[in-house]
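Below: one structure, written as structure tokens.
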Amino acid sequence: MDVLIFMVSGTLAAATALIFAAMGELVAEKSGMLNLGIEGMMATGAAMGFVAASVSGSYTLGFVAAAGLGMCLSLIFAVLTLVFRANQTASGLAIGILGLGLSSAIGKKFESMTLPGLPDLPLGVLADLPVIGPMIFQLDAMVYLSILLVVATWYVLNRTKLGLTIRAVGESPETAHALGLKVRWIRAGCVAFGGAMAGIGGAYMSTAYTPLWAEGMIAGRGWIVVALTVFGTWMVPRVALGAYLFGSISLLELSIQAFGVNVPSQLMSALPYLVTIFMLALISRNTLFIRLNSPSSLGATLKLQ
Amino acid sequence: MPRLVLEPRETTSILAPVQVAGLALALTLVAGGVLFAIYGVAPHKGLHAVFVEPLLSTYGIGEVLLKMAPLLLVAQGLAIGFRAQVWNIGAEGQLILGAIAASALAIQFDGTVSPLLLPAMILAGMLAGMAWAGIAAFLRTQFNANEILVTFMLTSVALQLLYYLVTGPLKDPMGFNFPQSISFGQSASFPLIIEGTRANASLFIGLAVTALAWVFVRYSFASYRLSVGGLAPDAAGYAGFASKRAIWIALFVSGGAAGLAGVGEVAGPLGQLQRNVSPGYGYAGIIVAVLGGLHPVGILFAAAIMALVYVGGDFALLSVGVPDAVTGILQGILLICYLACSLLLTMRVRWVRDAPA
Amino acid sequence: MAASVLGLTALPGWAEDPLKIGFVFPSPIADVGWSAELNAGRVAIEEHFGDKVETIFVENVPEGPDAARIMNQMAAQGADMIMLGSFGYMNDGIKLAEQRPEMTFIHASGYKLAPNFGNFQSRNYESSYLVGMAAGDVTETDVVGIVAAYAIPEVIGMINGFALGLQEVNPDVTIKVVWLNSWFDPPKAQDSARALMAQQADVIYSLYQDTPSVVTVAEEEEVWVINTSSDMKEYAPTWLLASQIADWSAYFIESAQASIDGTFEGTAFWGGMADGTVDVRSWADAISDDTMAAITEASDAMKAGTFHPLTGPIADQDGVERLADGVTIADPDLLGIDWLVAGVETRLPN
């Protein structure tokens, strides 16, 4: 039973950082912007969030600072790609490198320090339910917020005019431009949102999930976020599902090991990527499906005058 | 009201790339100077340590050449694909596969004095890189799967494959269970080209690939076809209409070149297969390709500058005592400045006095 | 006149030229962890020798093609001696040692030697045995979990020492291991600790985790925790059972002195309880008096050289006898140990 509680509550927590960053990246990608600097933005967010929360004693301030700095980094990406018409892939990698360096510089004096960790927020009566309570209703506030974020992202992208605009811009920036939409501003806004969410995702790692700062602690999670958007075929519920799936696979590996069974850990680590490639091949064949869901202009340099 | 407008250049001057590089470097020097000042290091001393000091000793020059070889290989290969709008961003994975294949041969034939071992490793590494990139080409041509995403994810798979092999089948049986292979013998290593340094003959492969790329871009009909194939996706969008042939060529060339870079590492400075085969050459190569304006000669210079910043950053750690974070930030700044300035390659900025009609 | 005679008779490179020692650390120097322990050795050298030495260091140097550049740069800057703080620096270090016979090198946890290239290991299995006894004493669920990085001999030796100490006090304990297969991944380390706790482990042995990741989660979940490398009492004031520490000061000072004197020899140094390299700090009060007395007794015996934890009869996980009754494991065998003792539930990876 404890193992079940660990797996469920652990998965929810493990997926939280991924969900924040993935929702942000999804919105950016929906507008046609492939920002590969997520790893650097998450790392910077983690360092900034930890330092700000440590110094001020406020977790809220930590998340705000992390979101702000993540946004600043992503805006460099936006300016490079939208104003200077630089290639998205190279620009994303460039701010990724900058972000990793920045995280190391910001966190230097705080290396290996710890925080008490974001306190849990038991949800009233629900938290007292047997088994289900500790499993789902005794987690920290950010876990619940991440679920709200998924719902909100889905709603905005699919049910609002703003969402329609974002999708139109990602589908064909030229057409959107011809229709009088401010393509650059909309894309910059989506990228900034992505940066802020990546920052928060990083800060969740360093202030709540593993409440300490250690250089390199994001350890590839930013790359997983990029894979998640593809795995989820740019559909909000599927991306979220992917994050939970990924979280549970990584915990399952450890649980199985603790049962005394050896698992081929490298195969487990590679599995999410193999499955994603398989999914991508499967859906890409279906041109109609791809046209409906994937942003057509993803990664392409804006050619507007 | 006078204002700035951007206009497409009608002709690109031969000097434009040099001017752009100079401007980006100047901006980086300014930003770098500020960065050093923040860390309490006199800016001229810090910049001297990064950009000049490595060039003052034979050893330093050797290190720059050593670092340049893989960057050059990866970037030249990628640029050919990029020109055709085939975005292979998984050179890191293809490099790892090249390193694995070459290492497998070196381990299998450990102790041999045959002069054929190294050429066989080079060939195996190239083929392995091509095969790994070929997966993406296959999925793109047969299933229409976006090669940016496939190559990217295959890198993560390659990394896990490497981890598995160095802790399993390719592990040194006498190596006390540390995750690494045996040390390779002389016949499985590139000869050194400068006495007293680590610069080795794999640089010549990089230079040869550069020459080939230049010929390819300059004269080849295939290149023409590649760029035509590459122009189409602008119109056709995500699905991509780059010809199947162009996709296969682009991914085979870039994968093969990255595989060669992997051989250069295990048969060069590493001398064995281990977890840290590449400190991100596959990703840095993308940046070098873009910085070089996707032109073989430009890439040659971009690779040299990137290598200098890497090596200079390490030098600065000791000679002026800045933390390692500074190197990363400096690289990031250089790239960002360069990417921003690259706009001037295709556009020019002009003051306009009167308001547009 | 007298002064000039003194000047003539002074050994070259002695008074006027301090011994310059370079330190290469594999991770950032923090307050705790592997690099912090090595850095404490550097500070000890400076305090001991004063003006006679000068130290330089670079932290966070990845094992790979770039590490050689840092070492060479140190040599170019006139370093007379270099301390290499990680296994992965071995091959590059050996190469440099051949090129620079006038320099001396000490290298952490490797196995290659040269006349001017020595290495150092700690007999951590000794202190592992002691903390194992404590774990056997305090566990109520009779399940103990270990979070371990890689299955390298040093780690295997420590798990074996720990298990033997544990079984000495409490023969019925189940010992579970989670292999991270990573030197550094604090979130994964913490997840592993939670996974073990979910399977009733009430003592967690954090084996070579550089950050306080496991220690803090244990304090939060109110589970006993044992730490290696540094004393992490301040991160788990209530639930830290003990910390295994390594103190390299004496060995570093000795090696520096030998380098100054020109008597350096490239040998394998094994530091243990006897010479103070290995020790345990911050024993928890919860350990029973009987067990604490037994721990002190075992500790004294190890210091006196009369007791070696890996002394037969010892069988491995398959029940095969590895050490016959009364036979003590030889150091070379320890350097390459690749089997776990009976009673450890999890197998070695691969």
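The chains carry the letters A, B and C, assigned in the order they are written, with residues numbered from 1 in each.
Just so we're on the same page, contacts are C-beta pairs under 8 Å (C-beta built on N, C-alpha and C of every residue); 3 or more make two chains touch, one makes a residue touch a chain.
Note that the structure is predicted; figures quoted are calculated from it, not measured.
> Graph shape for the chains shown, where an edge means the two chains touch. Line, ring, star, complete, or other?
It is complete, because no pair of chains fails to touch.
> What chain lies farthest away from chain B once each centre is taken as the mean of the Cα atoms?
C
> So how far apart, in whole Å, are chain B and chain C when each is placed at the average of its C-alpha atoms?
38
> Between chain A and chain B, what is the gap in Å from one C-alpha centre to the other?
Going by mean C-alpha positions, chain A sits 27 Å from chain B.
> Out of chain C, which residues touch more than one other chain, so two or more?
Each of 60, 181, 349 in chain C touches at least two other chains.
> Specify, in ascending order, the residues of chain A that touch 2 or more different other chains.
Expected reply: 104, 108, 266.
> Scan chain B for residues touching two or more other chains and write them down.
Residue numbers touching two or more other chains: 163, 167, 323-324.
> Considering only the defined contacts, which chain A positions touch chain B in the complex?
Touch residues, chain A against chain B: 34, 36, 76, 79-80, 84-87, 89-91, 93-95, 97-102, 104-105, 108, 172, 220, 223, 226-227, 230, 264, 266-267, 269-270, 273-274, 276-277, 280-282, 284-285, 287, 290-291, 294-300, 303.
> If you look only at chain C, which of its residues touch chain A in the complex?
Touch residues, chain C against chain A: 28-33, 36, 60, 145, 176-179, 181-182, 184-188, 190-192, 194-201, 210-213, 216, 220, 235, 345-349.
> Could you list, by residue number, the parts of chain B that touch chain C in their complex?
Answer in residue numbers: 57, 59, 63, 66, 163, 167-168, 176-180, 183, 198, 265, 268-272, 274-277, 279, 310-311, 314-315, 317-319, 323-324.
> Which chain A residues qualify as touching chain C in the complex?
For chain A paired with chain C, touching residues are 2-3, 5-7, 10, 14, 104, 108, 111-114, 117, 205, 209-212, 214-217, 219, 250-251, 254-255, 257-260, 262, 265-266.
> Can you tell me which positions in chain B touch chain A when the two form their complex?
Those in contact with chain A are residues 87, 89, 139, 143-146, 148-150, 152-154, 156-157, 160-161, 163-164, 167, 233-234, 237-239, 283, 286-287, 290-291, 323-333, 335-336, 339-340, 342-343, 346-347.
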